[in-house]
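Pasting a structure below so you can have a look.
Just so it is clear, A, B and C label the chains in written order, and each chain counts residues from 1 on its own.
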Amino acid sequence: MAHSPLRRTGRAVLALLTATALISGCGSGPDDGGSSDALDAPGAEALGDGRTTVEFWHAMKGANAAAVDKLVADFNAANGGKVEVKAVYQGNYDETIAKYKASVQQKNTPALIQVYDIGTRFMVDSKQVVPMHRFVEKDGFPLADIEPNIASYYSIDGKLWSMPFNTSTPLLYLNKEAFTSAGLDPTKPPKTLTEIGELAKKLTVKDASGKTTRYGFGAAIYGWLLEQLLATDGKEYCDNGNGRQQLASKVQFDQPAAVQVAQWWADLVKNGYATNTGRKTDDAQAAFKAGTVAMHLESTSVLRGYVDAAAGKFTVLTAPYPKISDASTGGPIIGGASLWINGVGHSAAEKRAAWEFVKFAAGATPQAQWHTGTGYVPINVKAMEQIDKAWTEKYPQFRTAVDQLHALPPSVASAGCLLGVMPQARKASEDGLEAAIVGAKPADQAMKEAATGVTAAIDSYNKSVR
Amino acid sequence: MSPPLVVERSPSGATTTSGPRRERALSWLLLLPSVAVFALFIFWPLGRTLYLSTHGNDIFGAPGAYVGLDHYADMFSASFAGILATTALFTLISVLPAVLGALLVVLLLESRIRGVRVLRTAFALPFAFSVATASVVFAVIYNPAIGIANGLLGAVGVDRVDWLTDPSIALPAVGAATVWMNLGYNVLVLSAGVAAIPQEVVEAARLDGATGWRLATGITIPLLSPQLFFLVVVSTIHALQSFGQIHILTKGGPDDATSTLVYSIYERAFAYGSSDFGAASAQAVVLLLIMLACTAVQFGILERRVHYR
Amino acid sequence: MKKLRPGRIAVYVVLTLALIPVLFPVYYAFAGAVMGPGDLASYPPALVPSGLHWRNVTDVFSTVPLGRFYLNSAVQAGVITLAQVVTSILAAYAFAFLRMPARAATFALFLATLMVPWETIIIPNYLAISDWGLTRGGLTYLGLVLPFLASAFGTFLLRQAFLQFPTELRDAAVIDGCGHWRLLWRIVVPLSKPSIAAVGVYVFLSAWNQYFWPLILIRDTEYQTLQIGISQLNDAEAAQPGLILAGVALSLLPTLAVVIFGQRYIVRGLTAGALR
């Protein structure tokens, strides 16, 4: 071979690079939100005589997707063909919001979309949505029926922006047999991280050859768990009153309480009392279900799966989510996901039709069904009355979760942080926790670097929405 | 990127001066479909990538204000240096073992043993797996809680290994999965190369008393050098572009231990609600430069040692 | 019968040892596909299925539309292959047989496209394809295939093959009034079938295995390709490894059949760049 064609073309490529850089480069941005009409809430007359179709993007999979489909089918049946909701699964929450961003640019957003709690600020700043309170006011919707602690997450200055849809709260899960075989009383669950640490040591079991067969503690490196711990400690996750007074300018998961969590977790892993299964929640769940972990942090939404998987092997117990210290008085954040109605690019009929579905989904009966079908906590305070007794007896833990949620005093900390780049912030907090847990960096440095790392993204976000 | 072209014959004897007008028109007509696709989906986007790399984004990812070389300046950081180092290391540990391992297997298969065909097919089986399916299987095998890899270690009394959650092990673990994915293809290519070696050359060497190791190093390996070179070039390019196995197995973690350049481009542009197309595009330009440099180096240095027949 | 010399025994031992890690994932993909939850989701996991649990296989079909994934992948890879083969034949013919100005420069331009990694241009392509609305419904197919309808690689390989024809053939054909079009489809293409098949095999496998592009582009499960479908199954049903492996095993059947029974047909396609 005399000359490689690649070598010969090297110069041509360079020339092309320069040329194409010069000729291309006109980007098109989205319109800046449309007229004020687009974000109005039309009345029932807007539906007219025709049939209105509502595209509904959601991120529910498995049993939850089936529950969404049932909810939609019930609604469509009840509306006799006047309004038809078409539910479309879009992947997980991250994927759904990524696709939503693209759809905003292409001006073909769905009329209705389910967005996770941490996308709230972004949805507000997108200037695409009709604030939910406008519909609430138009119809005199009984807002008091919506659990106030849940509504507070999605409210800014007391105004509701989106309708809560699915909500879960965090729990401490225990393997009862692990406790009894270690001579511990499973009815006295640990209340603080320190107590978990002490028990984890006693609950860790090694076989004759020194291999660990059960770890005292195990949870996914999931930023949500840290957010919950900080909230129960009454600490704000980001500045400017959790981003609720004005746009947050930095995240605060490098504060002492958060570093303490990272250090506690890292110590447990280092001493061999906790297993590190990484960030995938599924993997940590599998470890608990396999019985190789005695204590575990997760959301209420997985309880049903745990009870089923453990049947015949061990007993799943639940306890209130632990606190960082005895002095902590707050409660966990009530997030989950909510429903948003897109105004820009949608007719009055479509907006109204979307609201009809939202109203239906938030009702007591559908929420009761939603609860039993998925394990999510009902967002309607009247829903629990409709839930059949057999179910409550089978899963008493849910009742506890709902009662706790109800008893919780709303606070800035438990309302959660509103941040445009919250998904990236959560990921960064996981980077920090992970670096500390695997021993790559000291806990304080790991959390500090992770928190500082988000600032640039926050700045550029805030700049672009101002 | 398709595999590069190793051998080119000299162009046809036809004159390159312009032909009759009809012939010229026909040639443009025939080239038009390809040229249109390249212009629309390669050259224009290439210019757009450069453009995007010098601009900011609004919250939906649409290009915003001109920011000059800011995105490039941001790359002079420890974290980006780490990404480049990870990319280089991943390329090294996924390319060399797969090529050398396949070479060993093919040489052993050539030592006149029974059942060569069955064995060759067995070694080629991983080729039936795509990156996605292979990664999913390895995800199950490596599973930290219930994976068979730790199950087997436990059975022989070895403590479990955090395959994908220990920063010092995750990259080798993903690399090993990648070696496995590439092995089948490499065995097929090298086997075809061996089959193409003229039998009389081998017989002559055998008559001279060359067997085993000496036959391999003296005759087979030199005659396989075009295939070996091809595999090194193609595997390097593929390794630099690896994405599926990282996306499925580790998502760049733990502690960024498997965050390669292409994964980083993906993460900035499409993951965690981020649509930082500007910074991602700047990294995409760096990828292009690395790829050009790598190809240039391989053709400049390695190719001189290739023995073409 | 040959004597088993120590060297020969060593060869068998080394090959067997090498075979274990190579075959294990293949074995486990299929064995795991019929393992029950008791075998997989407990610790320590089983190495051999406790029985043939076909439920995994039937459950896959009720969890994801696997048949639809197959169809989508077949359409996507099929269209890309057909289009690339045709555009490559046309361009290769022009480069090999026709006189035109700036032929070398144009050819260099083609080869230059090989130097651009797809990941470098994936963002602008994504923006353009979504901008044109090709991520909605059935238009997704168009978005999946459009950027891949031509390839310099195929053009290069086919040009190499076409250059094997004597130049006299071309001249004779033109003088006979046979015309280029007939020369191309009556003589050149039929005689180049092996090369065309090689390009086709290579293009099809690359398209079938695509990951990054379909991952970011496809919105509806209805249009999901097999590769992404399987990786999402892994994400969504992580608690059920048996179900996941059943999905993997089912998705492997065609390529596995090709490797086992059609090896000699694909080798040429795979190694087209290395040999000749």
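We take it that contacts are C-beta pairs under 8 Å (C-beta built on N, C-alpha and C of every residue); 3 or more make two chains touch, one makes a residue touch a chain.
Since this is a predicted model, take the numbers as computed values, not measurements.
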Any chain in contact with chain B as well as chain C: A
Selected pair, greater C-beta contact count between A-C and A-B: A-B
Between chain B and chain C, centroid-to-centroid distance (C-alpha), Å: 15
Between chain C and chain A, distance of the C-alpha-averaged centres to the nearest whole Å: 37
For chain A, residues contacting two or more additional chains: 5-6, 10, 13, 16, 28, 102, 105, 283, 286, 290, 292
Touching two or more other chains - residues of chain C: 41-43, 109, 111, 114-116, 127, 156
Multi-chain contact sites of chain B, meaning residues that touch two or more partners: 4-8, 43-44, 46, 48, 52, 61, 143, 145-146, 154, 270, 292, 295
Residues of chain A that touch chain B when the two form their complex: 1-7, 10, 13, 16-17, 19-25, 27-30, 94, 97-98, 101-102, 104-105, 119, 122, 125-126, 209-212, 275-279, 283-284, 286-287, 290, 292, 420-424, 426-427, 431, 434-435, 438, 440, 457, 460-461, 464-465
Residues of chain C touching chain A in the complex: 37, 41-43, 63, 105, 108-109, 111-112, 114-116, 127, 130-131, 133, 135-136, 156, 219-221, 232, 235-239
Touching residues on chain B, where the partner in the complex is chain A: 4-8, 10, 43-44, 46-48, 50-52, 55-64, 143-146, 154, 157, 159-160, 162, 164-167, 251, 253-256, 270-276, 292, 295-296, 299-300, 303, 308
Residue ranges of chain C touching chain B (in the complex, touch as defined): 7-8, 11-12, 14-15, 18-19, 21-23, 25-26, 28-29, 32, 40-45, 47, 86-88, 90-91, 93-94, 96-101, 103-104, 106, 109-111, 113-128, 146-153, 155-156, 160, 163, 167, 170, 180, 206, 208-209, 211-212, 215-216, 227-228, 230-231, 233-234, 241, 244-245, 247-248, 251-252, 255-256, 258-260, 263, 266-268, 270-271, 273-276
Contact footprint of chain C on chain B as seen in their complex: 1-9, 11-20, 23-24, 26-28, 30-31, 33-34, 36-38, 41-46, 48-49, 52, 61, 101, 104-105, 108-109, 111, 113, 119, 121-141, 143, 145-148, 150-152, 154-155, 180, 183-185, 188-189, 191-193, 196, 212, 226-227, 230-231, 234, 237, 240-241, 243-244, 247-248, 262, 265-266, 269-270, 277, 280-281, 284-285, 287-288, 291-292, 295
